[in-house]
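Chains: A, B and C, in written order; residue numbering restarts at 1 for each.
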Amino acid sequence: MAPDGPPSATGRAVSCTDLVKVFDASGDPVQAVGPLDATFAAGHTTALVGPSGCGKSSLLRMIAGLERPSAGTIRIGAETPRDLTRRAALAMAFQDAALLPWRSVRSNVALGLSLARQPPDAARIERLIGLVGLAGFNDRRPAELSGGMRQRAAIARCLVSAPELLLLDEPFGAVDELTRRRLNRDLPALWQGTTAILVTHSVVEAAMLADRVLVLSPRPATIMAEIDIPLPRPRDEDDAALRDRIAAIAAALRDSGPDRVLAAQ
Amino acid sequence: MKRHRTIIPDLTRRRLLGAGAATLGLAGLARPGLAQTQDVALQLSWLHSVQFGGSYIAQDRGYWAEQGLDVALLPGGPNAPVEPPVVAGTALVGISAADYTAAAVEQGAPFRIIGVAMQKNPFAIASLPANPVEVPKDLEGKRIGMALANMPVLEALCTLNDVALSEIEVVPTQYDAAPLLAGQVDCLLCWATDLPVAMAMEDIEAVTMLMADHGYALHSQTYIATEESLAERRDELVALMRGEVAGWTDYAEDPDAAARLTVRMFPDAGLDLATQVMQAERQVPLMFSSLTDEHGFGWFTPDTVAANIETLALLGRDVGPELWDRSILEELHGA
Amino acid sequence: MTAPATRRVARPAVPVVRVGPLAWRVLGVVGLLLAWEALARLNAGSYVLAGPVAVAIHGVEHAGLLGRALRATLVNAAWGFLWGNLAAIGLAAVILLVPRLERLLVALALLVFCLPLVATGPILRVAYGPGDGPQIVLAALAVYYTTLLALLVGLRAVPRSWLDLVESYGRGAGAQLLHVRAMAALPYLAAGLQIAAPAAILGAMVGEFTGAERGLGVLTIRATRALDVDATWTIALLAAGMAMAAYWAFGALLRRVASDPPALLLAPPGPALRRGRRRGAAGAAVMILVALALWQGGMDALGLNSYFAKRPGDVLTFLVTGPEAASHRATLLAAYAETLAYTLPGYLAGLALGAGLACAITLAPGLAAVAMPVAVALRSVPIVTTAPLLVLALGRGSVGTITIVAVMIFFPTLVACLQGLRQAPGDVIDIFASYATGRWRTLVLARVPAMLPAFFAAARMGVPAAILAVTTAEWLATGRGIGSLMALTASTSDYNMLWSAITLVALTAALAHTLVARIERAVLRVYGPEQLAR
């Protein structure tokens, strides 16, 4: 892993074709996604933004192999999500950090290696804990950490297995604004060069983290707009160019959002 | 009786009674013993107590060991099966009672009664001197505490003695004397050898009316074995019963010693020596009679069997004399 | 970076029950002892109650005997505890890995758990022969079901994301069990063990009734028959003391493994809701067929003699197709009706008292210091020693039996309801406080609805407990009803009737359990929909 290096070819491109997801739990089918076509460039971070409940998390979970598409295909390189998970070549970060409370920070990070069936590597674990800014907290339990620290530990666990694809499901959604700003500033550098897909409902976060932002429509999710953010990192929220991009995303979101739905009725 | 065999050991009743069981060892030399040590079990009908004192003597004095028999004495209890282990073969012999045995046979268990420890049934009506039940007629107008399970017993007693059952108020109780002492009932249906003894230990001398003295003829503490064992494990049955007879014969001579032995052998049973001594004495007249004096411990005759069959009929049990099988005792006592 | 939040999240401001001011406790204990002694002296000569002085004297005088008996019982209880809980862990793992089997296995587990001890005891004795087998198995049978339920809840009380985490690495159910569920379930296991500990002691004692050389159960029988009230009470208190010690010990363990002990009894009423009525009926039919097959097959495999080990066909003949079936049914149903007439009021009274006292403790926290130890003691005294005493004290009418049932139900309900009352979200309580709502209104409007899931879980678990209580009381004390019928039929070799009674009791338990679960779902749909979702 080369946190400071340029985007490299180690990541895989992800492509979704005619992707549809229908939930039918109660005999009342709900179409959550699609039909949707999208590609996620190799080695880049792509953010998915959209109104609440638009199906962006379902899309991410399908890419992670946690849900099966109802129709359509997902390819990661030439492989299916299942192929990738079988090789333990992707890692996912969750909104609630998903740290196991009985394990210390070090042990939670180590879990990323052991779940990926990789040999234990104490030095690598220590280094990643340091990189996410948790040096000195190796032996703490999650209950002893703040929300932001927990997310840092979760990111370390994701990266420790050097995944080819990193999936982030609103990873900073549950932390306070100040902490979130810091995380947005500090962490993206760590996964530069890895293909990353980020789900967020925060326009600012999307602009801070992503190379490209896909704006999704209300349910069922389809791509309404694509906005590139060709800005250098680390980025600054108050930077004029970034503010400009933020405004563009917000405008696209407004166009796709509930207002549009209301207008259509 | 059927399956009677001619090989009778050189052991006469007179010698057994006269010289006590000490001669058994000598007699054993002349007797075809078991080829090798056999492990068998005797299923008792209740927790360890002097109720089975003769068996403990047999164990303690080696009356079984010298015949090549190693007998495990399996305790019973309020929820312990007695007849099923005998059917299943866990126990070679069980201590039952004529009515329970009859019920089991009715249900298809292939039992025979091969010996009778209690010639007189121990069931009694216990009451307090202030309000006594001395004859069955006294029951009329009284509240009797008993397990509902024993209703047939009460009905039989009433029929035998012309007592109006409708005049008796039956109160279901657990098997202990407290309801009588607490005044919840006027009398109890119980064994003469346990609850009255417990009351005596509390300095309450109860009036005890033995049902056997009022026509209730029913063998109790009977030795039962399956037809299969009688046919195929005869040597072991004979050896086991020989030990029993010897043990109980010793018991009759010194019940106190039996009580002391019981308390010594079972330190974990929570037995009280004074209680055991009194119980040991009180069960002597139930177990030994002119009949056993004449023929030896455990004996029964066609007459006593006939009386039992009559009482069993009153209890709703229809059995014939073939339920009793004296061949083992005859082999022992050389009748 | 923010400072580490080392402070644990504060609990809602409902009293933590086990902590009472020391002075209160001492006063309470001394008061109880004095009242007890006074009561015993007033009742001297009635052979019901022994005072603390008499108990102390008896205990000292027979220390050796009591110690050996205690050891025998505890060793068997411990083995049963071990095997029973291992069985529960194994079953839970199977259910987790093959979820399709859940309904069947849980239903069968319940059915076996509901088999009346008075009937299973002798059968185990025959199957095992002499020794400690029946004591250990009965202790195991007394514990495995509650542990299984606790584990099933615990193994599932895992955030979805923890499981997704494992799955996202391409790992399956086995890895989820190993890395996530097993540890997450530990606090629940500990809470289950806490409930199981007293039950194991009771099981071992009942096992001794099937013919044992030594143990507290043996001494109990002896003492009751010998009018030895001092001994009866000493044994009862000793057994209760051990049960309470085990209860507290596992409670301490629980507090060690879980910073926030789980609300154990919040077992969801099962995943049957989404299925149609027809699927439910088919499931029940499969369940019954499997149970019958196990019954027949188990007996055949063990080679149990058909004289006492009756098969399903025997029972069918006896109750339905045989020549005297009608009179057999009449006998059985008469006893059954009598039993139900005691069970229902006792069951309902126990539930009402438990929930009521839980509410009272919430309103007047000082009450907990006195009420909880008494409640634990009541629950821990083995029912085999208390049943005869209670019946003697309260009379042989309906009151005694109903009280015994109520006592068995009362304590688990109290504990569950207290946990439930604590579940009321803190911010809801805060809102009520900000409007200066009185304690009483807060209780009714916010806490009682939050308590309902726990209450119903207790009500479900109370079904087997009520059946155990009523059959034991009928067997050992009152001599009425189906408990007595089972004891009687066992002693008179009427094994057809015995197995018919067992079948009826087990079916009743399963049906009652289902009925309570139905009511529970209907109520929770309104008050706690989150409990039904998984």
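For this structure, a couple of remarks:
Operating definition for what follows: contacts are C-beta pairs under 8 Å (C-beta built on N, C-alpha and C of every residue); 3 or more make two chains touch, one makes a residue touch a chain.
Just so it is clear, the structure is predicted and the values come from calculations on it, not from any experiment.
If the chains shown are joined wherever they touch, the resulting network is a simple chain of contacts running from one end to the other without closing. Contact counts per chain pair peak at B-C. Once the centre of each chain is set as its mean CA position, chain A and chain B turn out to be 84 Å apart. Between chain A and chain C, the centres computed from C-alpha atoms are 48 Å apart. Taking the mean of the C-alpha atoms as each chain's centre, chain B and chain C sit 40 Å apart.
Counting only residues that touch two or more partner chains, chain C has none. For chain A in complex with chain C, the residues that touch the partner chain are 26, 61, 64-66, 82, 84-88, 90-92, 94-96, 98, 100, 102, 111, 114-117, 133, 137, 140, 143-149, 161, 167, 176, 178-179, 182. Contact residues on chain C toward chain A in their complex (touch as defined above): 1-6, 8, 159, 161-162, 164-171, 175, 179-180, 183-184, 186, 259, 274. Within the complex formed with chain B, the residues of chain C that make contact are 45-48, 62, 65, 68-69, 72, 117-118, 121-123, 125-126, 129-130, 206, 208-214, 218-219, 221-227, 229, 231, 304-308, 388, 391-392, 395-396, 475-480, 484, 487-488, 490-496. Of all residues in chain B, only 41, 47-48, 72, 74-81, 83-85, 87-88, 90, 99-100, 103-104, 106-109, 146-149, 171-179, 181-182, 184, 194-195, 198-199, 201-202, 266-272, 275 touch chain C in the complex they form.
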